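I've put the structures underneath this note.
Heads up, the next two complexes both have chain A, just with different partners, chain B and then chain C.
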Partner chain A sequence: MGLPVRKFDALVVGAGGAGMRASLQLAEAGLSVAVLSKVFPTRSHTVAAQGGIGASLGNMSDDNWYWHMFDTVKGSDYLGDQDAIEFMCREAPKVVYELEHFGMPFDRNADGTIYQRPFGGHSANFGEKPVARACAAADRTGHALLHTLYQRNIRARTQFFVEWMALDLIRDADGDVLGVTALEIETGEVWMLQAKTTLFATGGAGRIFAASTNAFINTGDGLGMTARAGLPLEDMEFWQFHPTGVAGAGVLITEGVRGEGGILLNCNGERFMERYAPTLKDLAPRDFVSRSMDQEIKEGRGCGPDKDYVLLKLDHLGPEVILKRLPSIHEIAVKFANVDCTREPIPVVPTIHYQMGGIPTNYHGQVVAPRDGDPEAVVSGFYAIGECACVSVHGANRLGTNSLLDLLVFGRAAGNHIVDFHQRNKEHKPLPRDAADLALSRLARLDGAAAARGAGEQTQDVGNALRRTMQAHCGVFRNDELLTSGVSKVMEIAEQVRRIAIGDKSKVFNTARVEALEVENLIEVAQATIVSAQARQESRGAHARSDFDQRDDANWHKHTLWHRAGNRLSYKPVHMKPLTVDSFPPKARTF
Partner chain B sequence: MKFRIYRYDPDRDAAPRMQDYDVALEPTDKMLLDALMRVKQVDDSVSFRRSCREGVCGSDAMNINGRNGLACITNLKDIKEPVELRPLPGLPVVRDLIVDMSHFFKQYHSIKPYLVDEATPPEKERLQSPADREELDGLYECILCACCSTACPSFWWNPDKFVGPAGLLAAYRFIADSRDQALNERLDNLEDPYRLFRCHTIMNCVDVCPKGLNPSKAIGKIKEIMVRRTV
Partner chain C sequence: MMENGSSFPAGAKEPAVIDERSWARLRWRCRRGMLENDIVLARYLDKTAGAIGEQELAALDQLLDMNDNELWDLLSGRTEPSDEKLQCLVRQLRSA
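The block that comes next holds the complex of A and B.
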């Protein structure tokens, strides 16, 4: 094998909110834990979350976890697994209080409790009226959360491997996961990191689309590694469009703007959401608002010279509220939209934001895959949490604030489960002889003479072609013609990915090599997405087909599993049975 | 648009050099980071860090025409050509615009940047008044980009001894938190001719902070508390 090996009790790949919540649990339990991250931990994309963390603290008015659960199930268009959703909503207040105990600078009410604001799809009494459930630190909740978790991990002496990129999973003949191969970016050295458990918290892959709120690093590395290791990806056709990305720039404007009282207007100055969602109006779930906006634009009521965006008006909140509760939005509007939002509205369009699908897991964070007739057999030693995972609490559409919650709840739960696993399994399993072959062959191809720049495809060109194709063929409204031609185009691009060549052959901090490796992950996610979307002949949550415009529970109330080998699909049932309460059966979705 | 970029790859170069680039921009390219991506398309060996592209992750701090800033929120309209890009000053260069930030983070870690309260926490949240919470505004928002510390002459001269503006801003963030119970330890930790008192109020930190924060003011407040403690 020849590669240097380092051995740990537990390995965490990714140092965003999920990874660092899990590592905290592990380090505080006394395990030797290594956290790998492509970027310094506080640069992870959790930092960009703005609006809040969903938890039924009831600080502003009556609330309880059961209402939160109902909203989440309905928000998911009934595709979410109800055991996992019950678990998340019940745990929510606990993980938020914990975060406060860690030092999180939440905004406060006059009585000293945590400030909460309304958010899309969150309601009191089963849809009766909006409820303030989003626990917020101004409009920098993700930043405050990520820094707090990093700080707490310093206290716990967690060992970070900063600017290390995981390349591929190591599995043995039993299929157990024994660690990863990883690239130390600064030196170009490749290592094998061996651990009893490997936890992926690698985030989403929003960079498969051209217009995205996502950071450059969101390239689905964990999903690519999982797919190459022969494990399936779940529900990848479901991608959330956030209603309010800055038109042209893609930068996120939090739903918290509407939570604080902001409204969407069409070119006639009409608050059009009143027509689509008479009760929740501008605070309907994101899939609903995004489609309504697109409908307005399609019917010629968009704004601007090309009538291709709508307006988000918030000046009526007054400069005091805006500067206190939404200071970053004010800053973003000035910098990226060139407007002063205390006086003018912000031009916005639905923009790719979040991946509901991912690596299939149960609510302990254990990765599951079909084996011997069991659709959800545990893959020993392998865990996944956060946006890279599909547990599935978000189903076909995630509610705002449930992503930060997801990170905390499942980060903590997976951490606890790994501590148990560690106590039951005293020894490391031996690494197989071919442990590093896959990763080394990928690197060898990129570094080889055949991949000299000019001899092959350029990383940025291939990546851009992929993003343009996904945007055009797999967007807000989909149909068979677009998807089928999109599948062929993505397959052609997959061929180009195999011919990517880089000019930079340096060992030292080679970002060209990193970007090429990232595109190899993006292409797996894009294939999973468009193949799964082409097959699903219904409209559910974020997956909207103009040729099958209704939800079809009889045929499609099931989770998709995409298998890389042969781009094959299989399906598995939705968990309809919660842990302790009655099930919420599918109903028509109005707001 | 014309750029002069600091280039150094220890794997190949004996010494650093400046390299000129002239790249065609698209109408959608608005920020310096957009232009840098064009440069990278022409020459994929040009190395820099970047992630969120909206000024919140702190990755792409660099020296832009002599002034530290974030490439992703530096508008191309506001910078003169040829745009001269150098790594943040005062830290060892790893490659091109990428610096080794170990010293910077070591100083951040040295102030114990986490809340200390050994009491058993209540079942719910600890209460904090809005006024007490407001004390943290202008402090907790730091993104650890290092623009400030690497613009500070005191940090250049003593990066191993002077905590620097970013670390001291973080120190004050915890001193100012009504929930924190370690005031004396925090002050003891800074009571030293270098760690705090090397700040000579040059104010470069305030001038360059891309988030509009004021480390100098925070340092002043720590000094004030320190003085009050001794009298």
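The block that comes next holds the complex of A and C.
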């Protein structure tokens, strides 16, 4: 074995909003905390979030956590766990005020209170009228959040391990998690990082799709490591699409464009949303607009040489409005679509935006998995929060602004729970002899394959094949034929992943190695996604099947668990019982 | 581009190819939190394919130390670099 070991009270993998909120709680309680990140903490993907953080502060008009809870349950298409949702909505004002106290530069009202803006799906009085619930720092909320948390963490003496990549979990014979193996990217050294508790906050895996609004870094490493450690992944068939990503690039065009009067056109120049949603038209909910766009494309009314996108027209708004109110859109259109949107429309496609599923946890952030008849037995020493986790507050569909909230609430809650664990468990458990075997064998395979160069697959080619397959077979509209053939293709690609060879065997900053390791994580997430999607014979939230176009509560009101061994699925009940209030039973989701 | 056809001002030292390690390090630091920056930087890296000189490397390092919003403001032309040394590089990135 012989790998160098470092020992901490607590280990956090991921330095986005979720990881840094948790590590702050730990460091302030006096624990020795190591936070690993593939990139500098403030360059985590949380930086891209613009819209805001949802909390029922009631600063603009009447609001309360119970209304927020109702919206979240309904938004989730009744797949969200109601205990976790109640917990999140109740804690929301607290975590926002805490953040204010940490120095987060929120936008303010004239009276000094935090300004709040309205956001899709958030309502007052159980859907009666829209309510302003999003707390933002201009259009740079994620950026402000990361900087605020980073500064506080430095003050609290959190130790950051920047440009370190966690490779695999270390579990002992009892199944307890004792740390991770990790690669120091700069030197190529592999370490064992030992801790009483390990928390994953590694973000989403949006890069399994060809059209994605996610940065390149979002490769689902936490999910890959969890699956390889023999633990299941929950509800992976549920992925949110944003209707307007720039075709070919993925870069997000905000809903604000349609809010200002931008419209979607097919190849006949028809404003097709009038047909699908006569009242709300282009401003119908995200999943609905995405499905309508996909329908147009499938029925041959897409635009361009391959008829594979639709057009977002806004030139009729006039250059003044565009340049004044939507300045970044003009730049994005020029740079990524090569069009001047004051004169021509922008090619757009529904684009992957957010992963609702993930590592199964309870609302303390503890990872849970089936054991001895208990569908949710705690995995000792292991926690997960943020986009990589499935707690499940978003269920089948996430409401805007609820993700940043999720990071903060469960980051804090998991932090508190870990402090408690630390106090009750004085000693570190010994590392098993085979602690590093899994990671080392993966590294050896990459290099070994490289030795037999010529026979191996190229990381880039395999990654691209995977992304194209997922896009074509597991996109907005799904049916059995597409999904079933997609499953076999993904399985073939999984075989290719096992044959990836890297020519470059140097140790220092070997990014080829890092990228190959990332593809090994992507393939786990892709298998979980398409196998879970193929099996779920209903349409719920973001999972839309043309062959089963209704929600089917009698048969499918349950969470999916995908197990890597044998690509097997099992199911577990949705938590319908909130902590203190009455349950919200499933109702038809109308808008 | 400068009149002499290179991206470096006349009289500056000719660009040399940087060593493999610096190139790898650079590539990794071009992984950003925002897709917009990822794409522009990836296009630039593909175009230069490692053929960049010491000065350009120093300028890039300086740019990559910025936070993602600041960087995107520069790349999208919303702001101009205050540091003269960055201007040439920012121009190249914008046209990438």
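Going forward, the second predicted complex is superposed on the first by the 487 of 591 C-alpha atoms of A that agree within 3 Å, B and C clash if a C-alpha of one lies under 4 Å from a C-alpha of the other, contacts with A are read in each partner's own complex, and residues count from 1 in each chain.
By definition in this document, a residue touches a chain if its C-beta (ideal position, glycine included) is under 8 Å from a C-beta of that chain, and two chains touch if they have at least 3 such contacts.
These numbers were taken from a predicted model, which means no experiment stands behind them.
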Practice task
Label the relationship between chain B and chain C on chain A in the superposed model as either fit or clash.
Solution key: clash
Problem - Partner chain in contact with A:555 - chain B first, chain C second, else both or neither - result: neither
Practice task
Applying the touch criterion given at the start, work out whether A:140 contacts chain B, chain C, both or neither, answering first, second, both or neither.
Solution key: both
Practice task
Determine, under the contact definition given at the top, whether A:97 touches first (chain B), second (chain C), both, or neither.
Solution key: first
Practice task
With the two complexes superposed on chain A, say which partner A:335 touches: chain B (first), chain C (second), both, or neither.
Solution key: both
Exercise for the section: Classify the contacts of A:441 with the two partner chains as first (chain B alone), second (chain C alone), both, or neither. Expected result: neither
Practice task
Identify the partner contact of A:154: answer first if only chain B is touched, second if only chain C is, both if each is, neither if none is.
Solution key: first
Handout entry: Residues of chain A touched, compared between chain B and chain C (which is higher)
Key = B
Practice task
Mind working out whether A:42 is in touch with chain B, chain C, both or neither, as first, second, both or neither?
Solution key: both
Handout entry: chain B and chain C footprints on chain A, overlapping residues
Key = 39, 42-45, 47-48, 140, 143, 147, 186, 215-217, 249, 251-252, 328, 331-332, 335-336, 506, 508-511
Handout entry: Residues of chain A defined as touching chain B within the complex
Key = 39-40, 42-45, 47-48, 57, 93, 96-97, 100-103, 105-114, 137, 140, 143-144, 147, 151-152, 154-155, 186, 215-217, 248-249, 251-252, 328, 331-332, 335-336, 453, 458-460, 502-504, 506-512, 515
Fill in the blank from the handout: The residues of chain C that touch chain A in their complex are 20-21, 24-25, 27-28, 31-40, 42, 67-69, 75-78
Handout entry: chain C partner contacts - residues on chain A that touch it in the complex
Key = 38-39, 42-48, 140, 143, 147, 163, 185-186, 212-217, 249-252, 327-328, 331-332, 335-336, 506, 508-511, 514
Problem - In the complex with chain A, residue positions of chain B that touch it - result: 9-12, 28, 30, 37, 40-41, 43-45, 47-59, 73, 75, 94-95, 98, 101, 105, 109, 112-115, 117, 121, 123-130, 132-133, 136, 140-141, 143-144, 174, 177, 179-180
